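Look for chain A in each of the two complexes below; its partner is chain B in the first and chain C in the second.
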Partner chain A sequence: MEKLKKKIGSISFWKWVIASVIFRLILIYFPQNLNLSSRPEVSTPLTSFRRLAEGYWLKQSSMSPYAGSMYHGSPLLLLLLGPLTVKRIEGQPNHILYSLVSVIADLVSAMLIRATGQNLQLAYLRTLGSLDLVKQIEGSEIHPSGDVAALIYLCNPFTIVACVGLSTSPIENMAVILCLYGACSRLIPLAAFGWVIATHLSLYPAILIIPVIFLLGRGPDAPPWKLFLQRHQQNGMLNQSKLPPGFSWGPIIRFAFWSLVWSVYVLVLCGISLKQFGGLWEMFKSTYGFILTVEDLSPNIGVLWYFFAEVFEFFRSFFLIVFHVNILFMILPLAIRLHHRPCYLAFVYVAIFSMLKSYPSVGDSALYLGLLGWFVNEFSDMQFSLFLFCGYVGVSLLSPVMHNLWIWRGTGNANFYFATAMVYACLQIVLVVEGVSAMLNHERKLRRLITGKTQDSKSGLLSDSSP
Partner chain B sequence: METFNNSKPILLFLLLPCLLLYSLIAFNSSSVEAAMHTNNWAVLVCTSRFWFNYRHMANTLSLYRTVKRLGIPDERIILMLADDMACNTRNKYPAQVFNNENHRLNLYGDNVEVDYRGYEVTVENFLRVLTGRHETAVPRSKRLLSDEGSHILLYMTGHGGDEFLKFQDSEELQSHDLADAVKQMKEKHRFKELLIMVDTCQAATLFNQLQSPGVLAIGSSMKGENSYSHHLDSDVGVSVVDRFTYYTLAFFERLNIYDNASLSSSFSSYNPSLLMSTAYYRKDLYKRNLEEVPVTNFFGSVMETIHTDAAYKALSRINSGRFEAQTSLDQSVHHIEKRMPMKVNDQEETHNIIPEGEEGASKCPWSTFWNKFRKGENVDTLVNYGLVAMIPLLVISTWLVQ
Partner chain C sequence: MFYLGGFIVGGRLSADSSALCSGSKWHVRLVGRSGGPNVTSRIGSDYPYRSVGLQEMKMLYARQGSESDEKSAMLLKAQADFLESSTSYYAPEWSFPPASGNLRYGTLPREAVCTENITPWLKLLPCQDKAGISTLLDRPSIYRGFYLSQRLHLTLTGSGYEGMDLSIILEKTLTVVLQPNSQRASLVRDSEKHIQPSWSLSSIFGNQVGGKCVLAETSNVYLLLDRDRIFIEESSLLSKNSSVLYKFEVEKYSESEPFDLGLTWKILVVWLCQQAPLHASRFLMGSGNERGAIAISLKSTQTTEGFMGAHSNDERCELRVDVFQVVPWYVKVYFHSLQVFVDQQPKAVSDIIEKIHVSPSKDKVSPGVMELVLKLPCSVSSTALTIEFDKGFLHIDEYPPDANQVFDIPSTIVSFPNFHASMVFLENHSLNKSPLLSKFQEKSHVMSYTEVLLVPLTTPDFSMPYNVITITCTVFALYFGSLLNALRTRVTEEESFLKDKGSIIFIIFIHHPTISEEFWFERKLKGDHNQPPQTKFVMVCCQENWSATSAAVKVVGKDNR
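Up next is the complex of A and B:
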């Protein structure tokens, strides 16, 4: 019966995957990709495909691809995707090759998310088994979190829009997911490669090194160490085999070695390709410098542009530091609190930097919404879920309207658009906060189950599991 | 490619005496013939007013649209219209002017720049435009600022007769006035070649008196014949286009900016039975063979572009040498490379592939490779190989370490 249910589940999973790929292909064949690439929510100065085409043209004209402050991405992307910007096939839409690349990137990301999710779920069930909690959990509905996460990622309108709208977000997301997959499956060169590429493409995934270290050192998500001790000490026996392994430094040293190898490789390639145009320093100034100094103030779905349009020059550097430290100072407390759940920590980090980065887009939100699917079982009683869902739908509908009112009709002003951006930021904050509290509630529930069980085993009565 | 580079100085040596000879000959003849064709101008005149002359305004606006579509910008078009049709109270379609009863094209769209309108369309203003003798306060947009390299298209439509053209129902332009004006233009080097196209009754008589060289003229009917309107639009209530202009447009609508249909094909496309008159053209003053002259010499504007990298301080482009050779050869020939912008891309792409082939053919690969690397060539291919090698490296490392 279980096997049949699983089989049906997997068939409907593949049906949904194929449906979403077909839907993307249909949208690609619309004229001009539905003009999605001109929306500020989809294409930012970092992810815009038009800028990549411009950078490629500049490179082909023997000029630095960063001239004119149009292109701010990696020179390797330029080499890989540049020829796709000019290649045209008769009778097909203009950028069909690059759209196909994005679709494939999305598919690969979804498969990796599924694999990681399955990995996570197996590990978690194993730890629950070692805590002798499996019987309680088996009664309630457990969803295959890998499948759910992959489907959320594929069928999310944000992902579809980012894929069809010709931005480089699908590739950046693929790099981040590759890193997390490698870390979960203990494939250290793969994790190092993903981390180096993700950091190289956009600066912010660098903070994912902390969850990756925890993943490699200890393994995937598990309840806190204290619970294990409680469980087994109260039983009176310390069964060593049932305890999860301690922190191991070996994989981390190997990870450091491999990330060094990959970063040297990538930097050497970039240095060679930019030899005539100022070398690596030019690249760092135009990519990381551009991200950190927020030079381009064109509107997007984030909150930085509005503020930096009106800040005085004297205070500009101060506020730049404030906004970036806003991301950095949350790293340590979250790491302390959630160090036993590195994948969840990665999700929270991704959500935070997708919200607070200099040029956010819906492609970044697509990433953390997909990763959210790994924790559906833990988030089953999250508060405000309907409010958040309606909020996301509302913001994604209103934001283009406000943009149109402001820019095209002239009957609105920047405040209209920034209002939707602020609401969006608030929604994301609520999501993160409620997510963390849902996870902590889940752990409290587990602790109650364990302590309740031990109490009952002492007193000999059966306890009822709280819903 | 290398043989071409070697033979470049030899070619130049051969060309130099030819160029010297040619310039000597050219110096003796009038200086205008040595001038290169630099720009195209159009003077479009509708000499009628009042609602029942709707078709004359539609004629002129159709030709305005054609000429703009084929490339002449508004700065080089002088449009003279009475302009009382579009917003006439009798116009059922306000602000719209059609030249066909299917109403497919609104000629009075949002891109019409009329230079002389209403009562400004007089014989005096017309002659002032042609000869360039304006009062000082007349703005530049109302002047014909042509030079000795210009090709001018002069199109006139309205009511005419034996050796005259009626202007706005109150004055006439006579054929010798026109011939005088053209002669003045020639003296003042205001054109290189002039094409006069007239669509009125007995149009061919209007250029009986022309004598200046370099003038080509075509009229819709000969002496004693009328030019007829093409069809009546029962919705608007008047005839909307004349036959001669209708068939002219039928010829031009098939063209785009890069076509090189010849003038003779244009002139021979008029069928006297369809026109109900004989379209007569006068080419005794025009020295070139009509078969060789593309219509875009007068009706369009395709400029010869010479590509330079002077503004950019980067290293020279891969095929800049090829361009210099081409432009030096082109200067002495009146040949317009219409497809040059598209050729650039093809040449770029083919040239990118060539160095890779050369690399494989060298004898000592490592030293030549290192030399080329230091020179800065083939960098892209090296990085491409590096990128492509990353993936198998990743796969192998993952598989081995596992």
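Up next is the complex of A and C:
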């Protein structure tokens, strides 16, 4: 019976996957009508397809791709994706090869998310088993979180728009997911590769090193020792075999080694491709420097562009530091509180940096919304979930309208568009905060189950002894 | 030297005066030429700081002797100041052939029509507008014209790093297009309404020239007339394209007997200047304030056939066209989107464009420059180049005071190297002495300047900086505070559970009321009416007087069993 159910589930999963891919392909055939590649929600200065094409053109005309302020991506992307920006097939829409690469990247990401989710769920169930909580949990339904996450990622309109809009964020997202997948399934070179590439492409995933270290050191789901101690204290004996493994440094050292290898490799490749155009320093200046100094003030769905367009020039550096430190400040408290759930920690980090990064796009939101699916069981009693869902829908409808009113019709005002960006930021904040609270509540629930059990046994003891 | 180049409808008038101011170490020569609407500074090839630009030149100026500093300061203040900012000048590679690479070129596409703009320019003249030809520059009559362009051309000559032979030649050009007061002319004779109005210097400028400026070496007024149109009866000796030039020496006149010049027409004359083979115009495509495209369209003029006839003997008749386009940095041009249409048919870029030089714009640092060499077939009737761009978004301080007034893109310069604009005069040694005339006779390309483009940019709300700062910071505070709060909170139940059941020793501050009571109370609230747990506390007080170290009680939860 179980098996049949599973089979049905997997069949419908594949149906959805195929449907989402076909939907993408249909959209790809009408790129001119949609004009997604120049939408501010899709293409930021970092992920814009047109800028990539411009960088490739500059490089082809033997100029530095970073000459001028057009291209700010990696030189490796130019090498890999650049030729696809000019290749045309007769009778097919322009950039079809590039779009197919995006679709494949999305598909691979979804499969990796699925595998990681299944991995996570197994680890979670194992933990429950070791805490003798399986029976208590059994009453409530357990969703196959891997499938859910993969489907959320694939069918999310944000992902579809980012994929069809020819931005480079599917590739960046794939690197992040590759890193998490590698760490979850203990493929250390793969994890290191994903981490290095993700950092190289968009800098912010660098902070994912903390969840990756926890993942490698202790596995995807390791409840705190305290719980075990409490649990086994009650049972009277400590079952050593059921205790979670301690923190192991071996994989981390190997991870560090592999990261070093991959970063040297990436830097050497970049150095070779930029040898005649000013070398690595220019690359760092116009990729990381551009990210950190928020030079481009064109509108996007974040809040920083308008802030820096309005703020007084002499406060600029101060606020730059404040906003970037905001990301860094939260790393430590989150790591302390959520260290036993490294994947969840990674999700929160991804959500935070896609919210606070200098040039956010819907592709970044697509990533954390996909990862959210991993924790569908834990989030089942999250507060404000309907409100959040309506908020996301509302903002994604209102924001293009406001943009149109301001930029195209000239009847609106920058403030209207900024207001939707503000609301979007608030929604993401609520999502992160409520998500963290929901996870903490879930932990509490588990703990309560344990205590409830002991309470039961204790009351049983008391009632036994009283007569 | 200062030249006033004037185009007066129905006749062409040029005037020049020259002055040489010498200091102990160096001298300024002021030279001018009528020409396009631009400010050029040309730095000699052996100038040590040639790549650095005008700022360096000014510093070099300051290092030179002191007597003439006043002049130099004025010079650079006048119109060159704006060139100091790197966003407004550029170094064209090969669009201005004699000075490739060493040239700094900058334009101000729009200047307000305001007498304050011409005053500093006039101050550079030795007699300002007090004497000589420049007395003609009566502001109201100049600004009434159709077209006005001021131009500075600075050339650094001499080997002068040590300051010995350094000299800077400044050519100043003022080009105005004026219309003679036709009403007055028509009053004279009603029958001559249809021919071009007659004019005189005094009727156009409202002033007469009373002698030359004392500092000027020469001060001449030239009148150029199209030879074959007017003096057909005399033209048999002269080549067809030559014109008749009249020279009037202003020094022969004085205050009491001022110089005036006028023409009274008897017949209708159509004045023809050297025409470019293609008529260049430029326009914007697209709508909205996010992106757009610049289109440069070249349409063949009717006279082209005549020119083409000369070249058509070659097997492949080709017309070479140089296009020089500058865009400010806030117009972010995608050079890969360049498209060429010849006779409305899209063509491969590599077929038409022989050479391309691009220097992409850097945000807030340098403008984008595009230089193209097009090879067009002679039979071409129209060509169009389109290039896409994104509009940038500026910081509120970077907008001009009236931000919703559109931004200007300097005009494209389209030059035709196969066609020369030089004038041919009769060989006359006395005429060739004049720098103005020798300039006119120099071989130079036919250049056409397109109109200035107006680009509307999106504006942020200028009244909002405080609101934006406070609201954004509030959102950030909300994020930080609420997330930290969510992480920090521990449910009391959890705490009390740990107190109750934990076997780990932990510390409770002493101001807690009786722990068991509190615990009991909580459980009561939750509807748990069991007996309070029979916990026994072992209180370990280190000292009786509650010193800092002993302000805690160690509570050891006791095993119940």
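In the analysis below, the second predicted complex is superposed on the first by the 457 of 467 C-alpha atoms of A that agree within 3 Å, B and C clash if a C-alpha of one lies under 4 Å from a C-alpha of the other, contacts with A are read in each partner's own complex, and residues count from 1 in each chain.
Simple rule for what comes next: contacts are C-beta pairs under 8 Å (C-beta built on N, C-alpha and C of every residue); 3 or more make two chains touch, one makes a residue touch a chain.
All values reported here derive from a predicted model rather than from experimental measurement.
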Contacts of A:M63 with chain B and chain C, given as first, second, both or neither: both
Which of chain B and chain C A:C426 touches, first, second, both or neither: second
Touched partner set for A:F312, first chain B, second chain C, both or neither: second
Touched partner set for A:Q383, first chain B, second chain C, both or neither: neither
Contacts of A:E295 with chain B and chain C, given as first, second, both or neither: second
Partner with the higher number of touched chain A residues, chain C or chain B: C
Which of chain B and chain C A:W258 touches, first, second, both or neither: first
Partner chain(s) touched by A:F193 [first = chain B, second = chain C, both, neither]: first
Set of chain A residues, in rising order, touched by both chain B and chain C: 61, 63
List of chain A residues in touch with chain B within their complex: 60-64, 75-76, 79-80, 86, 182, 187-190, 193, 254, 258, 265, 268-269, 272-273, 275-276
Interfacial residue positions of chain C with respect to chain A in the complex: 287-291, 329, 332, 334-337, 356, 358-364, 368, 390, 392-397, 458-461, 464-465, 468-469, 471-472, 475-476, 478-480, 482-484, 486-489, 491, 493-494, 497, 501-504, 530, 560-561
Touching residues (chain side chain B, partner chain A) in the complex: 312, 314-318, 345, 348, 376, 379-380, 382-384, 386-387, 390, 394, 397-398, 401-402
Chain A residues within the chain C interface of the complex: 38, 40, 50, 53-54, 56-58, 61, 63, 67-70, 226, 229-230, 233, 295-299, 303, 305-313, 322-323, 326, 329-330, 333-334, 336-337, 355-356, 406-408, 410, 413-415, 418, 422, 425-426, 429, 432-433, 436-437, 440, 444, 447-448, 451, 454, 458-459, 461
